[in-house]
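Residue numbering begins at 1 within each chain, and the chains themselves are lettered A, B, C and D in the order written.
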Amino acid sequence: MSIGVAVLGSTGYTGAELIRLLDAHPHFEILHLAAHSQAGKKVSEVLPSIASQSANKTLAKADDVLPHDVELVFTALPHAAAAKSVKKALDAGKKVVDLSADFRHPNLINYQDAYGLEHPFPELLGSSVYGLTEHAREDVAKTNLVANPGCYPTSVLLPLIPLLKQKLVETSSIIIDAKSGTSGAGRAAKTDLLYCEINESMAAYGLPKHRHAWEMEEWAGAYTGQDVQVRFVPHIIPMTRGMLSTIHLNGKKCEQWHSVLSDAYQDEPFVNVLPLGKLPTTGAVKGSNRCEIGVVALSEAEAVVVSCIDNLLKGASGQAVQNANVMFGLDEMSGLSINAAWP
Amino acid sequence: MSIGVAVLGSTGYTGAELIRLLDAHPHFEILHLAAHSQAGKKVSEVLPSIASQSANKTLAKADDVLPHDVELVFTALPHAAAAKSVKKALDAGKKVVDLSADFRHPNLINYQDAYGLEHPFPELLGSSVYGLTEHAREDVAKTNLVANPGCYPTSVLLPLIPLLKQKLVETSSIIIDAKSGTSGAGRAAKTDLLYCEINESMAAYGLPKHRHAWEMEEWAGAYTGQDVQVRFVPHIIPMTRGMLSTIHLNGKKCEQWHSVLSDAYQDEPFVNVLPLGKLPTTGAVKGSNRCEIGVVALSEAEAVVVSCIDNLLKGASGQAVQNANVMFGLDEMSGLSINAAWP
Amino acid sequence: MSIGVAVLGSTGYTGAELIRLLDAHPHFEILHLAAHSQAGKKVSEVLPSIASQSANKTLAKADDVLPHDVELVFTALPHAAAAKSVKKALDAGKKVVDLSADFRHPNLINYQDAYGLEHPFPELLGSSVYGLTEHAREDVAKTNLVANPGCYPTSVLLPLIPLLKQKLVETSSIIIDAKSGTSGAGRAAKTDLLYCEINESMAAYGLPKHRHAWEMEEWAGAYTGQDVQVRFVPHIIPMTRGMLSTIHLNGKKCEQWHSVLSDAYQDEPFVNVLPLGKLPTTGAVKGSNRCEIGVVALSEAEAVVVSCIDNLLKGASGQAVQNANVMFGLDEMSGLSINAAWP
Amino acid sequence: MSIGVAVLGSTGYTGAELIRLLDAHPHFEILHLAAHSQAGKKVSEVLPSIASQSANKTLAKADDVLPHDVELVFTALPHAAAAKSVKKALDAGKKVVDLSADFRHPNLINYQDAYGLEHPFPELLGSSVYGLTEHAREDVAKTNLVANPGCYPTSVLLPLIPLLKQKLVETSSIIIDAKSGTSGAGRAAKTDLLYCEINESMAAYGLPKHRHAWEMEEWAGAYTGQDVQVRFVPHIIPMTRGMLSTIHLNGKKCEQWHSVLSDAYQDEPFVNVLPLGKLPTTGAVKGSNRCEIGVVALSEAEAVVVSCIDNLLKGASGQAVQNANVMFGLDEMSGLSINAAWP
């Protein structure tokens, strides 16, 4: 079985990962690659890492007509631009996994506050599914439109949801101190993303309220029925890939949290709760679609939970493929690695 | 004026920085360099970075007799080993700046809990001064023994003390999420400090209670008369130098915190409170003895304070020289840079 | 079809890559993992990157008896130690891919000069095949013992052999200036491999004659019937993976070299000759089993050839799996990626 | 004594280093800082590393009138733009150290070939001095215009000139394989200089003939009276600072080269010939104005010479200050470090 796929926005870092994953996927086949600024070039000119079947494809424009035989469209386009391509693809009867934020916020006011944009197609929000796969599998299987979660929210919601569901966490004092590799900032030519500015330096950013804080609060609430407030401080770190979220929590029965999380994810191939007392490293998930979680109880009422993902995989393109696998009834692990390359 | 100096423990990273700083210092002159494991070698064999007057000196053993004309001894030795050398130097009438933890804890039980060591000379604790220079200048000027603060405590106490003094901070909910470059872990040959293990990876460590948490609590309390509890989570980051502490705080009048800190440090050359709304980067202090502080009020009762230092300078050898300058009545900035090399 | 495999020496960097590749391989199945120093531990304790079926295996000792159902053994052991394990495996009727240098030198004197070791089983040298796959496919298919090439020789011989075969290169003035990521130096705890010593620094090493120079000369000669001398200067670079060899050559008809190489490798999936005038980057092959080659003619008689590989893949474990695929008549690309992750 | 200084082009990486060095210099005082694109901003807004007296200065435009009391002008402007500012400064009676290439080429045709520019003021070339300080001290002391050498030429000419002067080197087969940290590529926002593109990757570039090859040939010839041809291949390396040139040479009496170089530089504080058999690392010169040289004879007729500098210091701003010291009769080492920070 071969399912025809288009990737719109294929020359940024998430696009590059989609091409790598899909060209090695046993069931999906890329038929159409598009990019706004690089249209007309060959893929390998823009992405020298690609030597597989897509390497010689010519990049189309993102708003070109989609080929007839495409069944699935990945949109890795800027916010708001994505929504237009999503609408076109849905209207043409395609399934869509959207990696932008455009369909992540059922609450339109949050979207507007976080992104400063008017949503072009609010009527589509009702039919989209927020694709945190482990917690949305059944809905993902049925929808035509998956809103692929943001990287920070993925790294935070996976450890938080099972604890919240058990009502073990004080929801008004959640502090998330997150650290991201630089690939999360994208591929645009900006002085402050130059090698020499990032290397051997680190900084906090995004205060007072980063876009992803809304997403975390909205979905932590939606999944668990609680009113969740987070204080979220992201940092940029001199490394390419890797995201580590240190979650400082108050609550109760903290000594039991490790087993709550272990139980919740024991059958999940892409979520690994480390043995009690162990803390994860991002190096152990780099290149994989795995999330690793460590838990340390400081007292009965205080705990630190640390989670690690590869921001471009479980935090973006890997989870997008995971969702696509579910949408088409494939083995959820198809085309994805649970192992990291070491070193 | 030339003041004879000895550096004991001169081939680790803090020792290397002491040699670099002291050989360029207008008033101190290194007469004696010692190191346990490398004794007998020339300095430049062990530290290829040194081409100044010390380069051709032969490394003595740390417990050799100190030359008669040494007036000041820096001890950059392992905890407990340092105490013995400090004792000898004091007995011989020298002044001492000790970079180990041996004299940082007036509360012996804390020392024992944090380091798992019996203190060999508890009677000396009474005469040592904790050298957070900006807050201990007068005492440093009078003592023969400065306990040079730890890197994490320096980065945390500088922003915290003025706020605590004004009773603006809720002392029971202080969360410190700190990130350190790898040089803080020292120069010992360990697998988990290899380039390939550290590069492109990051991790939290030191839980449930890192040694420096006791030091922060003890001195935050001592300086301000309050009972301070910190939850402290340090992280190791793939960069050589740089320390960033993100301090998540509750309190009151947070909108005023920026001016409290600006006022407190307005005359301090080595502490720079950034303009309101700006956040510091470690790159801006790398190679300098500067601490940079940024403050963001999230609400009237919640704030984030971020501080950056070079862990080997203001966090170790730079502050050691700053203290030595004060001990000998020199210009406090002698031999120290407030600028960083960029990039 | 499932072919039982053992990996001896599985906790170094090449061993870690073998586990990652083999656990995702459609036809090989790891039955036995061994390591000298880490025997008794679980794989995931030593390699936190592994979460696949091998993660929970217990590491045996490298000289334990091999399970009956193992058909293939990878030896990623230190030089000389490897030979003993190879002998045992061959005696037990297994096929072997040896990643050490023990069977790379038909000329025993070269082996002795390069490694300073007496060879324990010189009689086995006659039956081993040097596995530069693209140039040894037929012999690899027939042998029980493949000597997997060194990383530097792989990066040099691939571009050099076709040019030498056409007698276009002056064989007495070959200069190879090679640069390697630090993973090539292995996982042993040494001060000069610490993160802080490698990061932000580079150096030449291995002069006057690095071990791999003999290997290059011997095999360039063996494949082409010429007496080849190389001047080889390797460098260590602050990055984890990646090897770039800049080959400075004199010869004739240099304008034709690009087409000679393009023709030689046009059907090879793992060797990519870039368009005329383009130069390769190691980033484009990181994580892949690809070798990329660029050629620039400086004049009719002078040229620069640059090649890039991932030193742990095409330079070690990737080529080992490629050879294993050939030995068992499998698709040569099975379990190997031609794409790199970008970034 | 305080000598008033202007820096034109002060917000790139060489400009930043000039500010850092000059603000700590005992005799120079910055009166005027200019930058094209950042005019109107405060220095600390563009260079967060600067907290010294220049931090609060407002950046002027590079073509504004120079203050009356400036005696010395550093031009760190783009090629061709620099020449105009140099002309204006000379006309106003100032001394100038120009860090661009505009006055490095007495041979106008070389300038034109290398930079593709028409020279605006060829008449000034006669009065400029090429400031490779160790070999031009007397002329530098007398001139009003120093053309500060390029980074690669500095790293190559320092080791090469003494050997050429002794007629020990075959001048037709010089091969230079050079590696540079990324700061050499400047601070302009370009996709291929982004952190994620440079990190964990390396590449050769600049073929067939990089601009600096002309400069090397011209000055190797001018200093030694020989016709020197170089084959020069530069590489970009994932590190911020550091330049290593591996010079592959044929010649005669190679066993004596080490003592030729040692003798030539024995009294030079900024050039250090390592003990026989030792090879330099860039880490040992990072942040210093030192050049380190290692020599290995491969035979009587073949040798490898390796040199290391910090490309922004001895390769640019450090040497510029060294030249300025000479021009004003100051201690040549004023304001410059021979030690590197380690690590």
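Keep this in mind: a contact is a pair of C-beta atoms (placed from the backbone, for glycine too) under 8 Å apart; a residue touches a chain by one contact, two chains touch by 3 or more.
No experiment lies behind these values; they were computed from the predicted model shown.
Engineer: What rotation angle takes the CA atoms of chain A onto those of chain B? Round to the nearest 5 degrees.
Structural biologist: 180
Engineer: Please flag the chain sitting at the greatest distance from chain B, going by CA centroids.
Structural biologist: C
Engineer: Rounded to the nearest whole Å, what is the centre-to-centre distance of chain A and chain B, using the mean of the C-alpha atoms as each centre?
Structural biologist: 39
Engineer: Any idea how many Å lie between the Cα centroids of chain B and chain D?
Structural biologist: Averaging C-alpha atoms per chain gives centres 35 Å apart.
Engineer: Which integer distance in Å separates the CA centroid of chain A from that of chain D?
Structural biologist: Centre-to-centre distance between chain A and chain D: 45 Å.
Engineer: So which stretches of chain C touch two or more other chains?
Structural biologist: Residue numbers touching two or more other chains: 13, 183, 196-197, 199-200, 238-241, 280-281, 283-284, 286, 343.
Engineer: What does chain B use to touch chain A in their complex?
Structural biologist: 173, 175, 177, 179, 181, 196-197, 199-205, 207-209, 231, 233, 235, 237-242, 244, 246, 248, 279-284, 286, 294, 296-298, 302, 304, 306, 343
Engineer: Spell out the residues on chain B that touch chain D in their complex, using ranges where they run on.
Structural biologist: Of all residues in chain B, those touching chain D are 13, 16-17, 19-20, 23-24, 47-52, 183, 200, 240-241, 272, 280-281, 283-288, 290, 337-343.
Engineer: Residue numbers of chain B touching chain C in their complex, please.
Structural biologist: 13, 182-183, 187-191, 193-200, 238-240
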